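Please go over the structures that come below.
The following pair of complexes shares a single chain, subunit A, combined with subunit B in the former and subunit C in the latter.
Coming up: the complex of A and B.
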């Protein structure tokens, strides 16, 4: 990147010098020609062009290159304006743990298949997933009043619940401190 | 002991094996399991702590750090290994997927048969359409039993590629699961460096036999230049192999019984494998420069 950048710069300087050498060809602004003429007249006996290589201007390129790691969210007092709450300082004393996603959100997602099959998926569970399933069933029974079928996948450590309960489960898990 | 998946269940009351089960006696080498993991109050120094931030609810895995300098030497100290690399859930389905991918993505099958148009000859109609009393045919190369050297209509056609790519995160998770499984089965050992006193293969074999590491050993180091002694010692050995850390893969780890990592390798692997847990998806390929690529 550095070499091509300076190659273009030095090409520009060379062409401008060639133009200035031929009389009557350069019709630029007097300020530009005055500055350039001063630079060329400083070393008139050096016929060969001196190409200097400097990496000082590369800092302008470096500050544009994006990072790869997701940064930690800034510290808010209580909830952020969007409604996002950070996880608790220490994990809650429950037999299960639900980690945050890589964008620091609660991993509860709603799913719609076959046009009418509504499901809610809780991912990234660690620990005793059956205890979490019991608590989720208990909580949703209080909220809705009906017994909802759930599916526990012990291999992938996920929990599926019939129906769209994404917001309720997210608020419940946030209140628990996950 | 490592129970096969069909006997493992989440109900803790059913840990007993069924009474009519017969297991072979050489399934697990009892000498290998004589060394328990280091206790909490061990007197040996902690050589290395985890560089990356640990999740609050997990504690690091502790292992012994050995040397290859002498055959029967005590462990030098302890290391802490990151639980998100060396203690993930044992996902056998991911291991299977990555292993089959490793076998098949390079496969090009060159099986090829000729179709009736490619078989030499057979342009002429063998007998007239009507009147001969035999079945109607257009060429002698169409299908048996007309003539032996006929064309195959639905056979394998030409060099066929079985290339496919698993998602990057699945392959990374496969590496983590393989390392965790080796750790859990006590087949993973950490060594300070791969320097041995003599370039003798017998020395290595006796060392491995004394420490009950297993039949086959995979030695992993960070750099691509290994010490001369270990290169010569493993040159003629079939079951003991060297590999740089960038070449570590699930197939090699499953093929060899024991995996030996150096401390630098552990640091390298943790840095590279944990980056995938907290990275953005790529804007442009990762081969091009980013500001904080590991």
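Coming up: the complex of A and C.
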């Protein structure tokens, strides 16, 4: 505890000196982009200060730069520990195709409007969407035993199903190999 | 049948405002109470009194009795809520998902910068966020050996990471250092030297000095004892890390005053020319290494 307080005391005394010393660094390097320090009218004693440049530690900076593209997932044998399954190497021989989202997930989403209207949405459908609708209806009839209303939007190529069936549909599509 | 409605549309006349009509039964007229022959007379307002005359008192009024919302005394549940530190939760399930999708590299030490670059968590330092906390939902699925540094962690999460042979550390970042840690590139573009990381405040020092929480200020021997005790409590065999080939990477830890791995406070990073400028004045070196 005592050590921590000592740290803070010495900080208070030294910050002033640091503020005066830092502008010298900024002025020495006109190539370094960044904001101009208002306190750069420091005393001529900065002419003594010398800075060393190095490029060896720049690799640590490169690690900090965020990537601009979404990385490809590494190869997994079967399912990953978190439950994510990669798509099959070749698309399944069905009249429709469901692409993966840009984050490599199955595009099935649950929706809730007006606080009580539950829907499940299947996006990114290509090919014969009515065949998919028939298969989904058949599968959900086996799972729930009820005839669920569905809506097909041919313009956006999406399929809406009444009720929350996100997990069931995701597992079913993953088992098909999409 | 695919695209059938679009084919049909191509053969029909042009759609105009005159051709559009909703599906029969889609639009139902709204119910208007109290108008007309059998709803007339009193128009659905009842018989005399405040109900018919529309002079009912405000919501919550109980006829003069002290109402419920005034009977209950005030209590400072939310008092000082804007001065409380918040930690964005990160489940082990999500962490495993990020590792599986290749967004987080388990062969390098995992830092808050790595998590934010992978878009795994979103931290808002301006909303009193002090970092990320590791939550143990998904500890049974978790299977990755990592060296992770968070700001808070539950006991179950610590156990899950150490069971798989990883290392977890809790370290403190003051709000300015946190802002720099989350977005390093805009900070480097500013041209300021990397500041020192401040030590935690009085109330947080016990948390970061205790070995049970794997605090960064705690004694390494105590941490080893705490690891063994936790393994015994949760019933798993503690794997030996010193025999691992990634031992060097797993044992990497930041200095108490360091914000980034490999970069000391006091250095200025020149991104366009890919150079790092280091001070040589002894007073500055003394300040930055204190």
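Structure notes:
The working rule: the second predicted complex is superposed on the first by the 115 of 178 C-alpha atoms of A that agree within 3 Å, B and C clash if a C-alpha of one lies under 4 Å from a C-alpha of the other, contacts with A are read in each partner's own complex, and residues count from 1 in each chain.
Everything below uses one rule, namely that a contact is a pair of C-beta atoms (placed from the backbone, for glycine too) under 8 Å apart; a residue touches a chain by one contact, two chains touch by 3 or more.
As the structure is a computational prediction, the values presented were derived from the model and not from experiment.
In the superposed model, A:154 makes contact with both subunit B and subunit C.
Ranking subunit B and subunit C by residues of subunit A touched puts C first.
In the superposed pair of complexes, A:84 makes contact with subunit C only, with no contact to subunit B. By the touch criterion defined above, A:66 lies against subunit B and subunit C together after alignment on the C-alpha atoms of chain A.
Applying the stated contact rule after C-alpha superposition, one finds that A:51 touches subunit C and leaves subunit B untouched. In the superposed model, A:138 lies in contact with neither subunit B nor subunit C.
When the two structures are aligned on the shared chain, A:111 is found in touch with neither subunit B nor subunit C. Of the two partner chains, subunit C is the only one touched by A:76; subunit B is not. In the superposed pair of complexes, A:130 makes contact with subunit B and with subunit C alike. Once both structures are placed on chain A, subunit A residues 65-67, 70, 130, 154-155 are touched by subunit B and, in the other complex, by subunit C.
Touching subunit B in their complex are the following residues of subunit A: 62, 65-70, 89-91, 97, 99, 102, 126, 130, 154-157.
Only residues 10, 55-57, 89, 91, 93, 275, 277-280, 283, 286, 289-293 of subunit B touch subunit A when the two sit together in their complex.
Residue ranges on subunit A touching subunit C, taken from their complex, read 1, 4, 7-8, 10-11, 14, 17-18, 21-22, 25-26, 28-29, 31-35, 48-55, 57-61, 63-67, 70-74, 76, 80-84, 95, 103-104, 127-131, 154-155.
Of all residues in subunit C, those touching subunit A in their complex are 1-6, 93, 96-97, 99-103, 108, 113, 116-117, 138, 141-144, 184-185, 188-193, 199, 205, 260-263, 267-281, 283-284, 286-288, 290.
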